[in-house]
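As written, the chains take the letters A, B, C and D, and residue 1 is the first residue of each chain.
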């Protein structure tokens, strides 16, 4: 147990989350080791971002109904008092948002944004804060950092804004960095740079990271492990390379088939149908209505079966 | 604290064209707007059926029954002339609603016309119209109405004209800016390039698109009109007594505020409740029809 | 920049010119004149004619207006027919400060009450607290100021004796007493704005709280209070400023009634009395002044808005 | 009619009045007869509070709420009783009005002695050592200049008619001035004090020559209080005149007058103790104030009458029978109760109770004057030319009754009464400026108003109803009436005057250009800490004897 606690930074155990009548997450379980990166994959509405928000504690009771457990560095987060949770956020857990333009307060300068966690968590004084902020900006590849501190978000390009977001998330040297589709709002040419930057910063600090992505190929490139989510459930989990090379769940396969970068052009097959509404989910396997291999058995919920380094939830696997 | 709004708030229909019908159900979907609408409806009904609901002639005086507290004979008491307050209240609702809606409607028609002309014509015409509108806006509403009434003399019809005049400015300004916005839309440009006559463009695209904004604006103005009307009557340049009018009733009753508080209190409360309801309704209209405008108009 | 300023000034002057012509024509068309009022029950034709001529009211309208305008632009605002008071002194030195004090006090009160009420009802959305706060806001919007003023006078002035019921003590001479005297009028005038501000705050705050940057701030470990009052309110200030700015010009509307009820010698009172007295010179001065205020307020709000919203600032 | 008659009349009048004043000071019966027309000491009438032996507290500031409107503080050009009430504290006249609780009297004020040399020549001896507030001496020159200022047609004072029979004003010596009239002038004491002194008030020449029209905003007089400031729509401040000629008076250091447009605010301020008194109390508030133990109300039926005027020149009321029908259809008890909240008495004729001995105390039991008689009203109505429903235009202006405007109450009350005789007035409301214009130019069929603060039948009916006179707005003309009032004004014998005025009134009321309504009380209100106020029933608010307890 001790060794496990030492190597595991974060573990989600049977985490379920309901908001009103909508079951947003159902029985989500996975772990993240120290220095590891894990990717959360799935379509919109699969619950990826919800997991991110649940981990950082922005979706808690009484706002939502939360069951199961989230342990971070040996501490149970679901019952953690808000005041202590606040000390984790932005400090030991950093969050990078999908759309930096929206996630930066239009009324505050870059410097003000960066200064916040520095003063709150590290208690730095104005002079130190400024120094540190400049270092941070430089570390994420922003030139003329001192000038940029006084800039407002709208005066920066999208890529720059995302770099600022990253700098903010890294400001306090977090043990865990959660990146929620950090590049999807950016130009393709910049996406790679930003991804590279995040990975580089994470590795440089030997931190762990969770990447929320919808692109399986990208996940395969940047993550150690990948968790595939569908309609709030984990359907498959595996080391990234294995999963990409040999997806076993029909949904994972379908996702891979959608992937443009690595798949051949004519192999691009869209998934029929749409993600079911969270308020009236089908019984049994939730993917069954869209699954080409669906059969009578699928009316029953498939268990998440562990198979070596992988886990999968499908009767047909 | 709240999470992303899209998850909590039911999406509001954002399409502007043909929004009126959808808007109606969107208004109805809001609890406070439903309340507002219900109360306004009750007032309208009370006004319509005043002759049947009233227990007394609203201007019948009874010397021996002056300044009586509410009783079974006079449900809401009597004023200093012995007139039945309940009956006056009902007939007063007629006047308040007629003046409120009448003046806003009139001001709206004139203001929309001016705004449309200014927005569509552009150039010198627009410039001239907008300077006049600025001038109207620079007048304090009450003073404008007072000056106008001084010219025309008091009376319900003149009151409606005077109030309407003070509403022309705001409507014209709103409509003009809406028109400019709509004009810049690609589909209007496209229609123009396709040779659709300007008049048709105005009717089909522009008017339809600015309609929700106007309706919202009108909704807010009705309560202001009623407020102004009562103020003018209070100052003694509005409605001619003994016409049952809430402003007059309050003005008359203010002399007896400790001895017979109901004389001014009841019409005051009736006025306040109606205005609350109108405001709720206007809020609902705004949320439903013109969600982006916020309260910034 | 300078060109824009000149255009602005020119346009303002034109609008004010229009306003002055309109008020002149209105008052001339209105039956009655200051002389009948001055003579009152001691009316006789001789005195009437003499005074009428003496005041220059027998000249053609155009001449009367022209001479007024000529004097006005050269800084001579003339004298009141009835009181023979110097109008510049009356309007600018005496009435304007009263109305400005009243409006400023009312605005501060409205902000101090309206914003917390709006925030409370947004944060406790759909609870009884929201209902109460909304109720206060909505009722503030609903009571005619003359009635509210009279009720406040009787309850807090006569009944409880907490506040003076009338009169004006210059706050620049005695701040505390000045504020004390202005409290009831300011509440009366503020009521409408409390409602307005609470509603705008609630709506804008709900909108702002839905933005990711609020979530992002919380994800950085910011406390709820700071998130609401710093991150969110900073953004709420923009729509709030616009609304208040648009309505502030109309504050004179409420001020008229409030000043009459509380016997405050402000602009609203001055214009009301002068309108009833048909003193076109005073009304014109008053209306021009209020028009000017309107324009200035708009300019200030524009500036404030640019200052509040960095996105509107131009990069130097 | 003879000299003797005249002198004895005045002598008797003055002796009686002065002796009463003396009696208060010196004790009963002190040399009343001996005084005759001779000089009166400069000793002041002592106020009731002090007569009662209460200690008088000197100093302090009284704050008064002024509900009625002011126009100017120049006594020769004011038309407003609101102004007069202030003016009477800043200025003095040759004579002043007094009240003993039963009847009105006239006493020397700036004059120390008044001799009627003949029925046309009056000599006034002035007090010595009186100074205007700016230091100018009050002397015969000043009086002459002041009287001529009113009389001079070039100045067009609306009060000039008081002196239309004045042929000359002569300075006899530094402190003696002589007024010579072209005919016997019984009205002189009233002319000098009536309309509460607008014509007989002495103003300061040098100040007027310096200030011109501004004098009305910066009055300089000889009175107990000096003018300090007037802030438009806000306040007027007066301060104690240390050199006032009545020794020891006034008691107050300062008077702050708050100008209040909204009467209910004024009443609230009084009840809240924010002001110590009100210049006027509209009838609506009287019951409220009567209830309050901290408030003293001063008010009696004064020299006034309210009436409905009907246009004789045009419209339905050219028909005398219709006018008579209206005059007899009005229930004056309802008007008194509902219109004036019981604070009035029905008016049968224009002669009001303070006009002793002209007022007939048994008028109610007589058959003279206007009274409710529906049968009679219907008879007149049947005689009227127009038998269909008549809709005369009734002009009204907003305002509380008794606070300057006549308000709309009377018109509302008259509606149902007149409906009974098929007269349905069309009420047209306007602001006061428009109302005055319409009244002055005869643009109406009917209106209601009141003539107020009158002391003598002459001023209460002559300029109002004589052919072509300035206040005859309805265009009434009856040579018989004109002849009777003209004769009465040249007559000095009181008994004869009574007969003449009674006949004139009967003619007037039979023609009914007006329908009588009521004689109203006029109220002042003070908090209980205000002591020594002397009530005078011509709407005056003199503060020189007032102190704060």
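Odds and ends about this structure:
The rule is simple: a contact is a pair of C-beta atoms (placed from the backbone, for glycine too) under 8 Å apart; a residue touches a chain by one contact, two chains touch by 3 or more.
Not measured: the values here are computed from a predicted model.
With centres computed as the average of Cα coordinates, no chain lies farther from chain C than A. Chain centres defined as mean CA positions place C nearest to the mean of all protein CA atoms.
The chain pair with more C-beta contacts between its two chains, of B-D and C-D, is C-D. Between chain B and chain D the centroid-to-centroid distance comes to 48 Å (mean Cα coordinates, whole Å).
Chain centres here are Cα averages; for chain A and chain B they lie 52 Å apart. We define each chain's centre as the mean of its Cα atoms; on that basis chain C and chain D are separated by 41 Å. Put simply, the C-alpha centre of chain A and that of chain D have 92 angstrom between them. Counting partners per residue, chain D has 264, 430-431, 433-434 as the residues that reach two or more other chains.
Those residues of chain A in touch with two or more other chains are numbered 53, 58. Within chain B, contacts with two or more other chains are made by residues 1, 3, 150, 153, 235, 254, 257-258.
Put simply, chain B touches chain D in their complex at residues 59-61, 63, 66, 80-82, 150, 153-155, 235-237, 239-242, 254-259. For chain D in complex with chain B, the touching residues are 263-264, 282, 284-285, 287-288, 291, 334, 337-338, 396-400, 408, 411-413, 415-416, 427-431, 433-434. Chain contact summary for the complex, chain B toward chain C: residues 1-6, 8-9, 32, 131-132, 134-135, 137-143, 146-148, 150-151, 153, 223, 227-228, 230-231, 234-235, 247, 250-251, 254, 257-258, 264, 268, 271-276, 279-280, 283, 294-297. Partner chain C is touched in their complex by these residues of chain A: 53, 56, 58, 86-91, 95, 97-99, 102-109, 116-117, 120-121, 152, 154-155, 165, 168.
By the touch rule above, chain D contacts chain C in their complex via residues 65, 71-72, 79-80, 153, 156-159, 161, 195, 198, 213-214, 216-217, 231-235, 258-262, 264-266, 268-269, 271-274, 430-438, 440, 449, 451-452, 470-471.
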